[in-house]
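Since the structure comes first, as C-alpha coordinates, the remarks are kept for the end.
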Amino acid sequence: MSITVRFFASIREKLGKEQDIIESKGITCAADVWNRSARIPLPGNTLVAVNMEYARPDQPVRDGDEVAFFPPVTGGAR
Amino acid sequence: MKILLVAEAFDPWREVERYQSGQPGLAGKFGATAVFVGTLRDFNRGNEVQSMTLEHYAPMTRRHLERVAEEASARWPIEDVLVIHRYGELRPNDPIVCVAVWAAHRDAAFDACRYLIDELKTRAPFWKQELTPQGRRWVAPEKTK
Amino acid sequence: MKILLVAEAFDPWREVERYQSGQPGLAGKFGATAVFVGTLRDFNRGNEVQSMTLEHYAPMTRRHLERVAEEASARWPIEDVLVIHRYGELRPNDPIVCVAVWAAHRDAAFDACRYLIDELKTRAPFWKQELTPQGRRWVAPEKTK
Amino acid sequence: MSITVRFFASIREKLGKEQDIIESKGITCAADVWNRSARIPLPGNTLVAVNMEYARPDQPVRDGDEVAFFPPVTGGAR
(Lines give C-alpha, C1' and ligand atoms only; values in the text may rest on other atoms or scores of the structure.)
Protein backbone atom coordinates (compact mmCIF):
# COMPACT_ATOMS: atom_id res chain seq x y z
CA MET A 1 0.00 0.00 0.00
CA SER A 2 2.56 2.55 -1.13
CA ILE A 3 3.48 5.19 -3.70
CA THR A 4 6.98 5.61 -5.11
CA VAL A 5 8.19 9.21 -5.28
CA ARG A 6 11.11 10.35 -7.42
CA PHE A 7 12.94 13.67 -7.51
CA PHE A 8 15.36 14.79 -10.20
CA ALA A 9 18.04 17.39 -10.86
CA SER A 10 17.90 20.61 -8.83
CA ILE A 11 14.83 19.39 -6.89
CA ARG A 12 16.65 16.19 -5.94
CA GLU A 13 19.58 18.28 -4.75
CA LYS A 14 17.40 20.74 -2.85
CA LEU A 15 15.52 17.99 -1.02
CA GLY A 16 18.62 15.85 -0.58
CA LYS A 17 16.82 12.73 -1.75
CA GLU A 18 16.07 11.05 -5.03
CA GLN A 19 13.48 8.49 -4.05
CA ASP A 20 10.87 8.03 -1.36
CA ILE A 21 8.25 5.42 -0.70
CA ILE A 22 5.23 6.75 1.09
CA GLU A 23 2.00 5.26 2.39
CA SER A 24 -0.87 5.79 -0.01
CA LYS A 25 -3.36 6.25 2.81
CA GLY A 26 -4.79 9.78 2.81
CA ILE A 27 -3.21 10.60 -0.59
CA THR A 28 -5.59 11.65 -3.34
CA CYS A 29 -3.50 13.62 -5.84
CA ALA A 30 0.09 14.30 -6.93
CA ALA A 31 0.28 17.47 -4.81
CA ASP A 32 -0.50 15.39 -1.71
CA VAL A 33 2.44 13.16 -2.58
CA TRP A 34 4.71 16.20 -2.82
CA ASN A 35 3.49 17.63 0.47
CA ARG A 36 3.98 14.42 2.40
CA SER A 37 7.39 13.65 0.95
CA ALA A 38 9.00 17.06 0.39
CA ARG A 39 7.56 19.04 3.32
CA ILE A 40 8.16 22.38 1.58
CA PRO A 41 5.82 24.23 -0.81
CA LEU A 42 5.80 22.92 -4.41
CA PRO A 43 7.93 25.33 -6.50
CA GLY A 44 5.84 26.94 -9.22
CA ASN A 45 7.70 25.65 -12.27
CA THR A 46 7.97 22.04 -11.06
CA LEU A 47 6.95 19.41 -13.59
CA VAL A 48 4.95 16.43 -12.37
CA ALA A 49 4.75 12.96 -13.90
CA VAL A 50 2.48 10.14 -12.76
CA ASN A 51 3.54 6.74 -14.06
CA MET A 52 5.87 8.50 -16.50
CA GLU A 53 3.18 10.65 -18.06
CA TYR A 54 3.18 14.39 -17.56
CA ALA A 55 0.41 15.36 -15.15
CA ARG A 56 -1.00 18.31 -13.21
CA PRO A 57 -0.55 18.54 -9.46
CA ASP A 58 -4.24 17.79 -8.96
CA GLN A 59 -4.05 14.54 -10.93
CA PRO A 60 -5.44 11.67 -8.84
CA VAL A 61 -2.91 9.05 -7.76
CA ARG A 62 -3.49 5.62 -6.34
CA ASP A 63 -1.68 2.86 -4.59
CA GLY A 64 1.25 1.52 -6.63
CA ASP A 65 1.73 4.66 -8.70
CA GLU A 66 5.11 6.26 -9.35
CA VAL A 67 5.04 10.03 -8.98
CA ALA A 68 8.00 12.17 -10.10
CA PHE A 69 8.84 15.84 -9.58
CA PHE A 70 11.45 17.68 -11.60
CA PRO A 71 12.45 21.08 -12.98
CA PRO A 72 11.95 22.11 -16.63
CA VAL A 73 13.80 19.73 -18.93
CA THR A 74 16.98 20.66 -20.81
CA GLY A 75 17.76 17.73 -23.12
CA GLY A 76 18.80 17.82 -26.74
CA ALA A 77 21.11 20.50 -28.11
CA ARG A 78 21.04 24.27 -28.06
CA MET B 1 12.81 2.80 -35.73
CA LYS B 2 15.42 2.73 -33.02
CA ILE B 3 15.88 4.73 -29.81
CA LEU B 4 19.24 4.42 -28.08
CA LEU B 5 20.16 5.86 -24.69
CA VAL B 6 23.92 5.60 -24.26
CA ALA B 7 26.21 6.16 -21.28
CA GLU B 8 29.45 6.29 -23.28
CA ALA B 9 30.74 8.63 -25.98
CA PHE B 10 29.44 7.65 -29.43
CA ASP B 11 30.35 8.49 -33.02
CA PRO B 12 27.07 9.64 -34.58
CA TRP B 13 28.30 9.20 -38.17
CA ARG B 14 29.36 5.64 -37.54
CA GLU B 15 26.07 4.89 -35.79
CA VAL B 16 24.03 6.32 -38.67
CA GLU B 17 26.09 4.36 -41.19
CA ARG B 18 25.76 1.18 -39.13
CA TYR B 19 22.03 1.54 -38.62
CA GLN B 20 21.43 2.30 -42.29
CA SER B 21 23.49 -0.69 -43.49
CA GLY B 22 21.64 -2.88 -41.00
CA GLN B 23 18.28 -2.07 -42.64
CA PRO B 24 18.45 -3.83 -46.01
CA GLY B 25 14.78 -2.99 -46.59
CA LEU B 26 15.72 0.69 -46.75
CA ALA B 27 18.14 0.35 -49.68
CA GLY B 28 16.81 2.03 -52.80
CA LYS B 29 13.62 3.19 -51.02
CA PHE B 30 14.84 6.46 -49.50
CA GLY B 31 15.96 9.46 -51.47
CA ALA B 32 16.63 11.75 -48.51
CA THR B 33 18.33 11.49 -45.15
CA ALA B 34 18.38 14.39 -42.70
CA VAL B 35 20.61 14.13 -39.65
CA PHE B 36 21.03 16.47 -36.72
CA VAL B 37 23.82 16.08 -34.18
CA GLY B 38 24.04 18.17 -31.02
CA THR B 39 27.54 18.40 -29.57
CA LEU B 40 28.86 19.74 -26.26
CA ARG B 41 30.64 23.02 -26.77
CA ASP B 42 33.51 24.15 -24.55
CA PHE B 43 31.74 27.43 -23.74
CA ASN B 44 28.17 28.49 -22.88
CA ARG B 45 26.86 31.94 -22.01
CA GLY B 46 30.37 33.30 -21.69
CA ASN B 47 31.75 30.55 -19.45
CA GLU B 48 34.22 27.83 -20.18
CA VAL B 49 32.61 24.41 -19.84
CA GLN B 50 34.88 21.66 -18.53
CA SER B 51 32.32 18.88 -18.48
CA MET B 52 28.59 18.31 -18.36
CA THR B 53 26.49 15.76 -16.56
CA LEU B 54 23.24 14.74 -18.19
CA GLU B 55 20.77 13.31 -15.71
CA HIS B 56 17.60 11.63 -16.95
CA TYR B 57 14.57 9.62 -15.88
CA ALA B 58 15.45 6.52 -17.85
CA PRO B 59 12.15 4.70 -18.48
CA MET B 60 10.21 7.93 -18.94
CA THR B 61 12.87 9.26 -21.31
CA ARG B 62 12.65 6.20 -23.49
CA ARG B 63 8.87 6.28 -23.54
CA HIS B 64 8.77 9.93 -24.59
CA LEU B 65 11.47 9.58 -27.23
CA GLU B 66 9.54 6.66 -28.72
CA ARG B 67 6.35 8.66 -28.69
CA VAL B 68 7.94 11.65 -30.42
CA ALA B 69 9.36 9.31 -33.08
CA GLU B 70 5.95 7.70 -33.58
CA GLU B 71 4.32 11.11 -33.91
CA ALA B 72 6.84 12.13 -36.55
CA SER B 73 6.20 8.88 -38.45
CA ALA B 74 2.46 9.49 -38.37
CA ARG B 75 2.78 13.10 -39.45
CA TRP B 76 5.28 12.84 -42.33
CA PRO B 77 5.85 10.18 -44.99
CA ILE B 78 9.13 8.90 -43.61
CA GLU B 79 10.76 5.49 -43.88
CA ASP B 80 12.80 5.22 -40.69
CA VAL B 81 14.07 7.09 -37.63
CA LEU B 82 17.13 6.70 -35.42
CA VAL B 83 17.49 8.67 -32.18
CA ILE B 84 20.58 8.41 -29.97
CA HIS B 85 20.75 10.40 -26.75
CA ARG B 86 23.70 10.42 -24.41
CA TYR B 87 23.46 10.57 -20.63
CA GLY B 88 26.02 10.65 -17.81
CA GLU B 89 29.20 12.69 -17.82
CA LEU B 90 30.23 14.33 -21.10
CA ARG B 91 33.38 16.13 -22.20
CA PRO B 92 33.48 19.07 -24.65
CA ASN B 93 33.17 17.89 -28.25
CA ASP B 94 31.16 14.82 -27.18
CA PRO B 95 27.94 14.34 -29.16
CA ILE B 96 24.86 14.77 -26.94
CA VAL B 97 22.11 13.74 -29.31
CA CYS B 98 21.74 12.43 -32.85
CA VAL B 99 18.48 12.34 -34.80
CA ALA B 100 18.41 10.73 -38.26
CA VAL B 101 15.40 10.48 -40.56
CA TRP B 102 15.13 8.55 -43.83
CA ALA B 103 12.37 9.50 -46.28
CA ALA B 104 11.54 9.35 -49.97
CA HIS B 105 11.74 13.14 -50.28
CA ARG B 106 13.74 15.89 -48.64
CA ASP B 107 10.96 18.06 -47.24
CA ALA B 108 9.63 15.22 -45.09
CA ALA B 109 13.14 14.27 -43.96
CA PHE B 110 14.03 17.83 -42.91
CA ASP B 111 10.68 18.61 -41.30
CA ALA B 112 10.52 15.38 -39.32
CA CYS B 113 14.16 15.72 -38.19
CA ARG B 114 13.56 19.22 -36.92
CA TYR B 115 10.30 18.23 -35.23
CA LEU B 116 12.10 15.39 -33.44
CA ILE B 117 14.91 17.54 -32.09
CA ASP B 118 12.55 20.34 -31.07
CA GLU B 119 10.09 18.04 -29.33
CA LEU B 120 12.61 15.94 -27.49
CA LYS B 121 14.09 19.10 -26.02
CA THR B 122 10.81 20.10 -24.46
CA ARG B 123 9.40 16.69 -23.53
CA ALA B 124 12.18 14.21 -22.75
CA PRO B 125 13.14 14.35 -19.05
CA PHE B 126 16.82 15.27 -19.26
CA TRP B 127 18.65 17.81 -17.13
CA LYS B 128 22.05 19.27 -17.83
CA GLN B 129 24.54 20.34 -15.20
CA GLU B 130 27.69 22.10 -16.38
CA LEU B 131 31.03 22.18 -14.62
CA THR B 132 32.77 25.51 -15.19
CA PRO B 133 35.78 27.07 -13.41
CA GLN B 134 33.13 28.88 -11.30
CA GLY B 135 31.62 25.57 -10.19
CA ARG B 136 28.63 23.40 -11.07
CA ARG B 137 25.43 24.90 -12.44
CA TRP B 138 22.16 23.55 -13.76
CA VAL B 139 21.52 24.67 -17.30
CA ALA B 140 18.39 26.82 -17.60
CA PRO B 141 15.74 25.70 -20.08
CA GLU B 142 15.77 27.33 -23.46
CA LYS B 143 13.38 30.20 -24.06
CA THR B 144 10.59 29.45 -26.47
CA LYS B 145 11.93 30.02 -29.97
CA MET C 1 34.68 25.05 -46.28
CA LYS C 2 35.09 22.25 -48.77
CA ILE C 3 33.38 21.46 -52.07
CA LEU C 4 33.98 18.02 -53.53
CA LEU C 5 32.85 16.76 -56.93
CA VAL C 6 33.34 13.01 -57.05
CA ALA C 7 33.11 10.48 -59.87
CA GLU C 8 32.99 7.40 -57.65
CA ALA C 9 30.51 6.18 -55.03
CA PHE C 10 31.17 7.77 -51.62
CA ASP C 11 30.09 7.06 -48.05
CA PRO C 12 28.67 10.39 -46.83
CA TRP C 13 28.89 9.47 -43.12
CA ARG C 14 32.54 8.55 -43.43
CA GLU C 15 33.26 11.74 -45.36
CA VAL C 16 31.51 13.90 -42.76
CA GLU C 17 33.36 12.14 -39.95
CA ARG C 18 36.67 12.49 -41.79
CA TYR C 19 36.17 16.15 -42.60
CA GLN C 20 35.12 16.98 -39.06
CA SER C 21 38.10 15.18 -37.50
CA GLY C 22 40.38 16.97 -39.93
CA GLN C 23 39.29 20.39 -38.62
CA PRO C 24 40.79 20.56 -35.13
CA GLY C 25 39.72 24.20 -34.90
CA LEU C 26 36.10 23.08 -34.93
CA ALA C 27 36.33 20.90 -31.82
CA GLY C 28 34.34 22.35 -28.94
CA LYS C 29 33.17 25.32 -31.04
CA PHE C 30 30.10 23.83 -32.70
CA GLY C 31 27.01 22.68 -30.88
CA ALA C 32 25.00 21.68 -33.93
CA THR C 33 25.60 19.75 -37.13
CA ALA C 34 22.90 19.37 -39.77
CA VAL C 35 23.50 16.94 -42.62
CA PHE C 36 21.42 16.18 -45.65
CA VAL C 37 22.13 13.25 -47.95
CA GLY C 38 20.28 12.69 -51.21
CA THR C 39 20.35 9.08 -52.42
CA LEU C 40 19.34 7.47 -55.70
CA ARG C 41 16.11 5.53 -55.29
CA ASP C 42 15.31 2.45 -57.34
CA PHE C 43 12.03 3.96 -58.53
CA ASN C 44 10.85 7.39 -59.73
CA ARG C 45 7.42 8.42 -60.95
CA GLY C 46 6.27 4.83 -61.09
CA ASN C 47 9.25 3.47 -63.02
CA GLU C 48 12.02 1.21 -61.92
CA VAL C 49 15.37 3.01 -62.12
CA GLN C 50 18.31 0.80 -63.06
CA SER C 51 20.96 3.51 -63.10
CA MET C 52 21.35 7.24 -63.45
CA THR C 53 23.92 9.34 -65.23
CA LEU C 54 24.65 12.74 -63.78
CA GLU C 55 26.14 15.11 -66.35
CA HIS C 56 27.57 18.44 -65.21
CA TYR C 57 29.49 21.49 -66.38
CA ALA C 58 32.47 20.93 -64.11
CA PRO C 59 34.09 24.36 -63.60
CA MET C 60 30.73 26.14 -63.53
CA THR C 61 29.34 23.59 -61.08
CA ARG C 62 32.23 24.14 -58.70
CA ARG C 63 31.96 27.90 -58.94
CA HIS C 64 28.23 27.89 -58.17
CA LEU C 65 28.51 25.41 -55.31
CA GLU C 66 31.20 27.59 -53.77
CA ARG C 67 29.06 30.66 -54.19
CA VAL C 68 26.02 29.04 -52.57
CA ALA C 69 28.23 27.94 -49.65
CA GLU C 70 29.62 31.46 -49.28
CA GLU C 71 26.13 32.93 -49.33
CA ALA C 72 25.03 30.55 -46.58
CA SER C 73 28.10 31.50 -44.52
CA ALA C 74 27.31 35.18 -44.93
CA ARG C 75 23.64 34.76 -44.09
CA TRP C 76 23.81 32.48 -41.02
CA PRO C 77 26.30 32.24 -38.14
CA ILE C 78 27.85 28.95 -39.18
CA GLU C 79 31.29 27.52 -38.54
CA ASP C 80 31.90 25.28 -41.54
CA VAL C 81 30.34 23.70 -44.62
CA LEU C 82 31.04 20.51 -46.55
CA VAL C 83 29.35 19.81 -49.89
CA ILE C 84 29.93 16.59 -51.83
CA HIS C 85 28.20 16.07 -55.16
CA ARG C 86 28.49 12.96 -57.26
CA TYR C 87 28.62 12.93 -61.04
CA GLY C 88 28.90 10.18 -63.66
CA GLU C 89 27.02 6.89 -63.56
CA LEU C 90 25.19 6.02 -60.33
CA ARG C 91 23.44 2.85 -59.14
CA PRO C 92 20.35 2.78 -56.91
CA ASN C 93 21.23 3.41 -53.25
CA ASP C 94 24.28 5.50 -54.26
CA PRO C 95 24.46 8.88 -52.49
CA ILE C 96 24.03 11.75 -54.96
CA VAL C 97 24.75 14.73 -52.75
CA CYS C 98 25.77 15.42 -49.16
CA VAL C 99 25.55 18.82 -47.47
CA ALA C 100 26.88 19.22 -43.92
CA VAL C 101 26.81 22.41 -41.85
CA TRP C 102 28.46 23.02 -38.48
CA ALA C 103 27.19 25.88 -36.31
CA ALA C 104 27.03 26.97 -32.69
CA HIS C 105 23.25 26.60 -32.65
CA ARG C 106 20.73 24.33 -34.33
CA ASP C 107 18.53 26.89 -36.08
CA ALA C 108 21.45 28.21 -38.11
CA ALA C 109 22.65 24.69 -38.91
CA PHE C 110 19.23 23.54 -40.14
CA ASP C 111 18.41 26.71 -42.04
CA ALA C 112 21.78 26.90 -43.80
CA CYS C 113 21.71 23.18 -44.68
CA ARG C 114 18.29 23.50 -46.23
CA TYR C 115 19.24 26.66 -48.07
CA LEU C 116 22.28 24.91 -49.53
CA ILE C 117 20.38 21.90 -50.82
CA ASP C 118 17.54 24.02 -52.21
CA GLU C 119 19.86 26.47 -53.95
CA LEU C 120 22.23 23.95 -55.43
CA LYS C 121 19.25 22.19 -57.01
CA THR C 122 18.22 25.30 -58.88
CA ARG C 123 21.62 26.80 -59.66
CA ALA C 124 24.28 24.12 -60.04
CA PRO C 125 24.49 22.90 -63.66
CA PHE C 126 23.74 19.19 -63.24
CA TRP C 127 21.46 17.07 -65.40
CA LYS C 128 20.11 13.65 -64.53
CA GLN C 129 19.37 10.93 -67.05
CA GLU C 130 17.70 7.77 -65.76
CA LEU C 131 17.91 4.33 -67.27
CA THR C 132 14.63 2.44 -66.83
CA PRO C 133 13.37 -0.76 -68.48
CA GLN C 134 11.60 1.63 -70.92
CA GLY C 135 14.89 3.23 -71.89
CA ARG C 136 16.85 6.39 -71.08
CA ARG C 137 15.07 9.59 -70.08
CA TRP C 138 16.16 13.01 -68.91
CA VAL C 139 14.75 13.85 -65.51
CA ALA C 140 12.44 16.87 -65.61
CA PRO C 141 13.25 19.75 -63.27
CA GLU C 142 11.35 19.90 -60.00
CA LYS C 143 8.33 22.14 -59.83
CA THR C 144 8.79 25.16 -57.60
CA LYS C 145 7.97 24.03 -54.07
CA MET D 1 39.63 35.34 -82.50
CA SER D 2 37.12 32.75 -81.35
CA ILE D 3 34.35 31.88 -78.94
CA THR D 4 33.99 28.48 -77.31
CA VAL D 5 30.46 27.10 -77.33
CA ARG D 6 29.29 24.27 -75.07
CA PHE D 7 26.07 22.28 -75.09
CA PHE D 8 24.84 20.02 -72.33
CA ALA D 9 22.34 17.24 -71.64
CA SER D 10 19.27 17.07 -73.93
CA ILE D 11 20.50 20.03 -75.98
CA ARG D 12 23.84 18.34 -76.54
CA GLU D 13 21.99 15.22 -77.67
CA LYS D 14 19.60 17.13 -79.90
CA LEU D 15 22.40 19.00 -81.68
CA GLY D 16 24.70 16.01 -81.70
CA LYS D 17 27.64 18.05 -80.44
CA GLU D 18 29.01 19.12 -77.11
CA GLN D 19 31.52 21.76 -78.09
CA ASP D 20 32.06 24.18 -80.91
CA ILE D 21 34.60 26.89 -81.57
CA ILE D 22 33.27 29.71 -83.69
CA GLU D 23 34.67 32.91 -85.14
CA SER D 24 33.84 35.91 -82.98
CA LYS D 25 33.48 38.16 -86.01
CA GLY D 26 29.90 39.39 -86.39
CA ILE D 27 28.89 38.02 -82.97
CA THR D 28 27.52 40.55 -80.51
CA CYS D 29 25.45 38.54 -78.03
CA ALA D 30 24.87 35.00 -76.70
CA ALA D 31 21.89 34.50 -79.02
CA ASP D 32 24.16 35.16 -82.01
CA VAL D 33 26.45 32.41 -80.75
CA TRP D 34 23.53 30.00 -80.58
CA ASN D 35 22.31 30.90 -84.06
CA ARG D 36 25.68 30.45 -85.69
CA SER D 37 26.50 27.19 -83.93
CA ALA D 38 23.13 25.44 -83.49
CA ARG D 39 21.32 26.57 -86.67
CA ILE D 40 17.87 25.92 -85.15
CA PRO D 41 15.73 28.33 -83.09
CA LEU D 42 16.75 28.67 -79.43
CA PRO D 43 14.28 26.58 -77.36
CA GLY D 44 12.35 28.78 -74.92
CA ASN D 45 13.50 27.21 -71.64
CA THR D 46 17.19 27.05 -72.56
CA LEU D 47 19.58 28.39 -69.92
CA VAL D 48 22.54 30.44 -71.07
CA ALA D 49 25.86 30.95 -69.31
CA VAL D 50 28.64 33.28 -70.39
CA ASN D 51 31.97 32.49 -68.78
CA MET D 52 30.14 30.25 -66.31
CA GLU D 53 27.75 32.94 -65.12
CA TYR D 54 24.05 32.69 -65.90
CA ALA D 55 23.15 35.23 -68.58
CA ARG D 56 20.30 36.33 -70.83
CA PRO D 57 20.39 35.58 -74.57
CA ASP D 58 21.01 39.27 -75.28
CA GLN D 59 24.10 39.40 -73.05
CA PRO D 60 27.06 40.80 -75.02
CA VAL D 61 29.87 38.34 -75.70
CA ARG D 62 33.38 39.00 -76.88
CA ASP D 63 36.35 37.21 -78.28
CA GLY D 64 37.65 34.50 -75.91
CA ASP D 65 34.39 34.02 -74.07
CA GLU D 66 32.91 30.62 -73.29
CA VAL D 67 29.18 30.45 -73.94
CA ALA D 68 27.11 27.48 -72.78
CA PHE D 69 23.53 26.40 -73.50
CA PHE D 70 21.67 23.85 -71.43
CA PRO D 71 18.21 22.77 -70.24
CA PRO D 72 16.88 23.48 -66.72
CA VAL D 73 19.17 21.92 -64.11
CA THR D 74 18.25 18.83 -62.08
CA GLY D 75 21.02 18.38 -59.52
CA GLY D 76 20.71 17.62 -55.82
CA ALA D 77 18.05 15.26 -54.51
CA ARG D 78 14.31 15.09 -54.85
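For reference, chains read A, B, C and D in written order, and residue numbers begin at 1 within each chain.
FYI, a contact is a pair of C-beta atoms (placed from the backbone, for glycine too) under 8 Å apart; a residue touches a chain by one contact, two chains touch by 3 or more.
Just so it is clear, the model here is predicted, and its values are computed rather than measured.
Participant: Quick check: how many Å separate the C-alpha centres of chain A and chain B?
Facilitator: 26
Participant: Please report how many Å separate the Cα centroid of chain A from that of chain D, as a whole number.
Facilitator: The mean C-alpha positions of chain A and chain D differ by 72 Å.
Participant: Can you give the whole-Å distance between the Cα centres of chain C and chain D?
Facilitator: Their C-alpha centroids are separated by 26 Å.
Participant: Between chain A and chain C, what is the separation of their C-alpha centroids in Å?
Facilitator: Chain centres of chain A and chain C, defined by C-alpha means, are spaced 48 Å apart.
Participant: When you check chain C against every other chain, which residues touch at least two of them?
Facilitator: 31-32, 36-39, 41, 104, 106, 117
Participant: Of all the residues in chain A, which ones touch at least 2 other chains?
Facilitator: Correct list: 77-78.
Participant: Based on which chains touch which, is the overall arrangement a line, ring, star, complete graph, or other?
Facilitator: other
Participant: Please list, in label order, each pair of chains that touches.
Facilitator: Listed in label order, the chain pairs in contact are A-B, A-C, B-C, B-D, C-D.
Participant: Which positions of chain A touch chain C when the two form their complex?
Facilitator: 77-78
Participant: In the complex, go through chain C and note every residue touching chain B.
Facilitator: My answer: residues 11, 13-14, 16-17, 20, 27-43, 92-93, 104, 106-107, 109-110, 113-114, 117, 145.
Participant: Across the complex, what residues on chain C touch chain A?
Facilitator: Listed in rising order, the residues are 31-32, 104-106.
Participant: Could you list, by residue number, the parts of chain D that touch chain C in their complex?
Facilitator: Chain D reaches chain C through residues 6, 8-10, 47, 49, 52, 54, 68, 70-78.
Participant: Taking the complex as given, what residues does chain C use to touch chain D?
Facilitator: Answer in residue numbers: 36-39, 41, 44, 54-57, 59-61, 63-64, 85, 96-97, 117-118, 120-129, 138-142.
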